[in-house]
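Each of the next two complexes has subunit A plus one more chain, namely subunit B in the first and subunit C in the second.
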Partner chain A sequence: MSNKVIHVLYNDDDILMDAVKQTRAAHHHIEEIYTPFPVHGLDKAMGLAPTRIAICSFLYGLVGLSIATAMLRYIMIVDWPQDIGGKPSFSFIQNMPAFVPVMFEMTVFFAAHLMVITFYMRSKLWPFKEAENPDVRTTDDHFLMEVSVHGDVDQIVSFFENTGAVEVKVIEKH
Partner chain B sequence: MYTFSSRLKTFSFILMIVGVLGIGYSFFTAPKDINDVEAILADQHGHHGDAHAEAADHHEAKDAHVQTADHSEAAHAEASHDAHGHAADAHAADAHNDEHHAHLEHVLHQLQNKPWAAVYVAALFFMLIALGALAFYAIQNAASAGWSPVVFRVMEGISAYLIPGAIIVFVLLVLGVMGTHHLFIWMDDEVVAHDHLIQGKSGYLNGTFFLIRAVIFMGGWILYRQYARKNSLAQDEANDNSYYKKNFKASAAFLVFFIVSESIMSWDWIMSVDPHWFSTLFGWYVFASFVVSAVTVIAMVTLYLKSRGYLEYVNTSHIHDLAKFMFGFSVFWTYLWFSQFMLIWYADIPEEITYFITRINDYNLPFFGMVVMNFVFPVLILINTDFKRLSWIVVMAGIIILCGHYIDFFNMIMPATVGDQWFIGAGEIGAILFFMGLFIFVVFSSIAKAPLLAKRNPLIEESKHFHY
Partner chain C sequence: MSSHYEAPIRKPLVIGDKNFHDVTVDVAAPVEGRANKQWWIVFSIALAAFLWGVGCVAYTVGTGIGTWGSNKTVGWAWDITNFVWWVGIGHAGTLISAVLLLFRQKWRMAINRSAEAMTIFSVIQAAMFPVFHMGRPWLAYWVMPVPNQFGSLWVNFNSPLLWDVFAISTYLSVSLVFWWTGLLPDFAMLRDRAVTPFTKRVYSIVSFGWSGRAKDWQRFEEVSLVLAGLATPLVLSVHTIVSFDFATSVIPGWHTTILPPYFVAGAIFSGFAMVNTLLIIMRKVSNLEAYITIQHIELMNIIIMITGSIVGTAYITELFIAWYSGVEYEQYAFLNRATGPYWWSYLLMMTCNVVSPQVMWSKKIRTSIMASFIISIVVNIGMWFERFVIIVTSLHRDYLPSSWTMFQPTFVDAGFFIGTIGFFFVLFLLYSRSFPVIAQAEVKSIMKSSSEKYKKLRDQEGHNNHSHSDNH
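And now, the complex of A and B:
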């Protein structure tokens, strides 16, 4: 089992996109791509499954809405009803318009924060984590495609040199 | 080039004819005097069918009234002055008759307003759809949006309705100032003479200034529309981008003019039917309502043309973007609707809260029903990415959104003009059908006049290849 991978560097996102399409057409397996900024349409070109984070976000929003509703009902109606501007304080439904801003904010708060946390966990990111980035130039102006090697190395290297790469390296991965 | 199919043309004429019949019927059957009103009210209280029972009932009510009057007088009159008691009886009966008479007059005015209000709501609604499409088009131009040039000709076509639409609304406003109809009570000198609040506003709310404002606003919008359309067509044959640049500048200037004029327009033509009431975010609220309708109409016309084999460069990503705007503006509308409602509900100041009390008591179903149609439904159906790309879902959601926003305008105008005498009958439906027919006729005639692709627009390549 070979642990060899090829690092192919590009200096333009359009060239990268074309190279990704050629690579997939030639049935090479792209392990990962490192880019200095999000490249529009790259996930589709790589054939990645669509993200499910929107579904998570919707569910988290529902959690936030439920918690806000329960919290306001307990605080404002059950535990300590107060007369604020003569509004009916003994009925949740009649007092509900006053609670809508809080319910809305809590929905957004839960959806946003839990979605970010989910994203970090799925991407295996946490504080003080060592960077996985194989080449510092990808934080500046280069794009790096990591491709696993199966078969003739020289032939694969020459294939990538023809895709507009500025650099092709064979790396032994541990 | 699109050719206006004869089937659609016939359909639009049928709509107009049916609409005219409905409007005519509602004018014809509107009560002429208070005797008609009495009969209508008797009909509404279904359980006393014939006039005789009604009359008997009347006497009973009168008696009860006299008795209460008697009571209040009792301490003063006592048994010693029978004659005085009799006088009070007669007086009370008179007062009751006057009151009843005044009530009948009031209902008569409401019912006479009804056909006018129905025409006015529909005329305003379709005119504002054209205006919304024009504003959306100006935003695309001013933002140099790359995705939308393939649907520019659709937007231009829809904005063509602005000219006949604005003229019709203007005629209705002139008729109001002339006293032909009474949708705007502040135009009635008799009312103003007894109303201190309206007197204080009469420097702004007076017929002359009102019409001057209307001419300036409508003139400005139509001017931009004609200018932008002319440049857009000239750009097709041009060798450089000078017409595109002219449109860019004109659009930016128009948007500044638009947001001010739109706000004042909403106070003048909509909010002033309740001259005592005001809301500071009303302009935005009206804008949200008609711009979501306009984007919906753009999406539906685009899908119609696409289904007929035109607009070859429009792909699902363009539809997706339009559906995103439908979703986004629906939420924006809800935000403003709720902001307006909650502040007034919470503050509970008498002259403000009456606005919502009327709507909740007399218009409960349309008032809350439109929130379901304009918010709950679009949010649930259009939040899904895949659904926004399916034509039939966009059309279905669009129909609900358009009905919901018609009801929104209905709720803005009717409570002040028709009161609790509203119902959606021949006049309302006839007016909708008539203006829909006219709208379809004008819009598709205009679309048929120019190539469907703005081929020389500098962003057209980006728009053709737009994908999400």
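And now, the complex of A and C:
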């Protein structure tokens, strides 16, 4: 089987959205779509699963809060329970109000940074990563839909030409 | 187009007959072009000021804090005034990118990138003061709770100065990743337009291989939203914690519970003023008047007016409570502010912060670029004096009349402050020539709903069909 894909280029997000719906209705498999800006509703139209990154962030926040609480309790109550300016250091709860700012900041710190790191890892983004958009115009004003080819190539090409595409290319993938 | 319905009452946010490609070209132009003579002149001045500041800091660290005007009574003066001032300025950036995102304010798109840059650069300036106002800054790492060879000697988590360390470092680092993540699609745009191998390489590295896949965008938007949700309480907490430096003390004039929200309001007030100052210049020199429109300036002025009114209310509340408290120390603290030896700084603060934002009620003034520019600078002078008044007038006369004194800054105090202003502009000027100063990917996403071109097209469509419910 040949590894042919079709690159269909559009220059308008509304035309792209209609094309995605037609493509899905015609049961062509959309491999990928590259867009210059977030097209709202595109993920739903393509049938992408929702991202769970917000759930990750919530869990990371809980980790941050736990670490902060454990650290503050150990340092201020367990290890050196000193009298600093008359502050009660007999138990965690007694001096808790003074710990709130750091507990809060560490919750946010963990939730934010670990989520961003998760995003970079899941989307495979790092400083020396090679860009993978097949056409440089997709970061400017073009929208590229990559569709896998099964069966008659000419028929599929003419199908996409009728979806308002500005360019349809058949690409041999290796 | 029908999916982009917007109320006809809304004015366009992108002026002119712009399509997606025009946005790319306009945003890339300042980066791809060469700096002109004025840029080099301003940059040289900023660099000279920065180097002068470096000299003053070196002199302070080498000789001692005694080179400053602070004394035994007034231990905090220009150092912490400038610290709070810079932190306050930094807050508007996060407000614009986070709070306005949560409220789905489309007008933020054209200004959030520069506002965030302003945040990063001003928090860097702010962070300099807590380090160099230390008597022994080389021991600054002792503020970290790091296991050590002193039996593991820890820090005291009861101190707001330690909370500051956590607040400022969290704030700077979270703002930085928020800003950078938002920059990836725009750096990718510059990378894909680059003509020289050098710029291609640089923008390839900084864009982290961004390819704009549908899944990447889905995650990108979720990450932006969650970061905005985290940055909003963060921005409120950071200036709250800064205000705790004063509010948790026992000094009359400092010990007030109104300080946290009042400092946050003041921070938004001065921060938006600084954004206005910078953007009024930037839209002109970078030819971005089609994106940063008079409507953007007007909306920022309205926020300045609102937060200025909150600050004014806080001033009156403080005065009322001082009188109402029956505490003669507190009553004297406010009497001293108004009629003591620093009356002129109190008057300046009141005039700049309470009177100047009220003129924005006039549409003629708030839609005038020249008036906005002048008021934005007046506000920042006023907000500098607010911090000076709170810090110095509360310290120089408090409980014991035998320790009453005055404060006189030295040239080193001034040099350090001038140095941070220079450093800020060095960073901002370099930024404006190498970064995409408008979040072009975001602006493109509102073109259909909010640009002049598409609004006109939609109007024609509506008239031809005589109906809005004809499709979908």
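Basically, the second predicted complex is superposed on the first by the 169 of 174 C-alpha atoms of A that agree within 3 Å, B and C clash if a C-alpha of one lies under 4 Å from a C-alpha of the other, contacts with A are read in each partner's own complex, and residues count from 1 in each chain.
As a working rule, contacts are C-beta pairs under 8 Å (C-beta built on N, C-alpha and C of every residue); 3 or more make two chains touch, one makes a residue touch a chain.
Fair warning: this is a prediction, and the values are worked out from it, not measured in the lab.
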| item | value |
| --- | --- |
| Partner chain in contact with A:141 - subunit B first, subunit C second, else both or neither | second |
| Dominant toucher of subunit A (residue count), subunit B or subunit C | C |
| First, second, both or neither for A:109, with subunit B first and subunit C second | second |
| Which superposed partner A:87 touches (first subunit B, second subunit C, both, neither) | both |
| Subunit B versus subunit C as contact partner of A:54, first or second or both or neither | both |
| Touched partner set for A:132, first subunit B, second subunit C, both or neither | second |
| Subunit B versus subunit C as contact partner of A:119, first or second or both or neither | second |
| Touching partner for A:36 - first (subunit B), second (subunit C), both, neither | second |
| Which superposed partner A:98 touches (first subunit B, second subunit C, both, neither) | both |
| Common interface positions of subunit A, toward subunit B and toward subunit C | 41, 54, 85, 87, 98, 101 |
| Contacting residues of subunit A [partner subunit C, same complex] | 11, 13-14, 17, 32-43, 46, 48, 50-51, 53-54, 57, 71-72, 75-76, 79-80, 84-85, 87, 95, 98-99, 101-102, 104-106, 108-109, 111-113, 115-116, 119-120, 122-133, 136-141 |
| Of all residues in subunit B, those that touch subunit A in their complex | 338, 341-342, 345-348, 383, 385, 467 |
| Touching residues (chain side subunit A, partner subunit B) in the complex | 41, 54, 58, 85-87, 97-98, 100-101 |
| Residues of subunit C touching subunit A in the complex | 1, 3, 19-21, 24, 145, 152-158, 160, 162-163, 166-167, 170, 173-174, 177-178, 181, 184-185, 188-189, 191-193, 204-223, 225-227, 230-231, 233-234, 237, 241, 244, 440-442, 444-445, 448 |
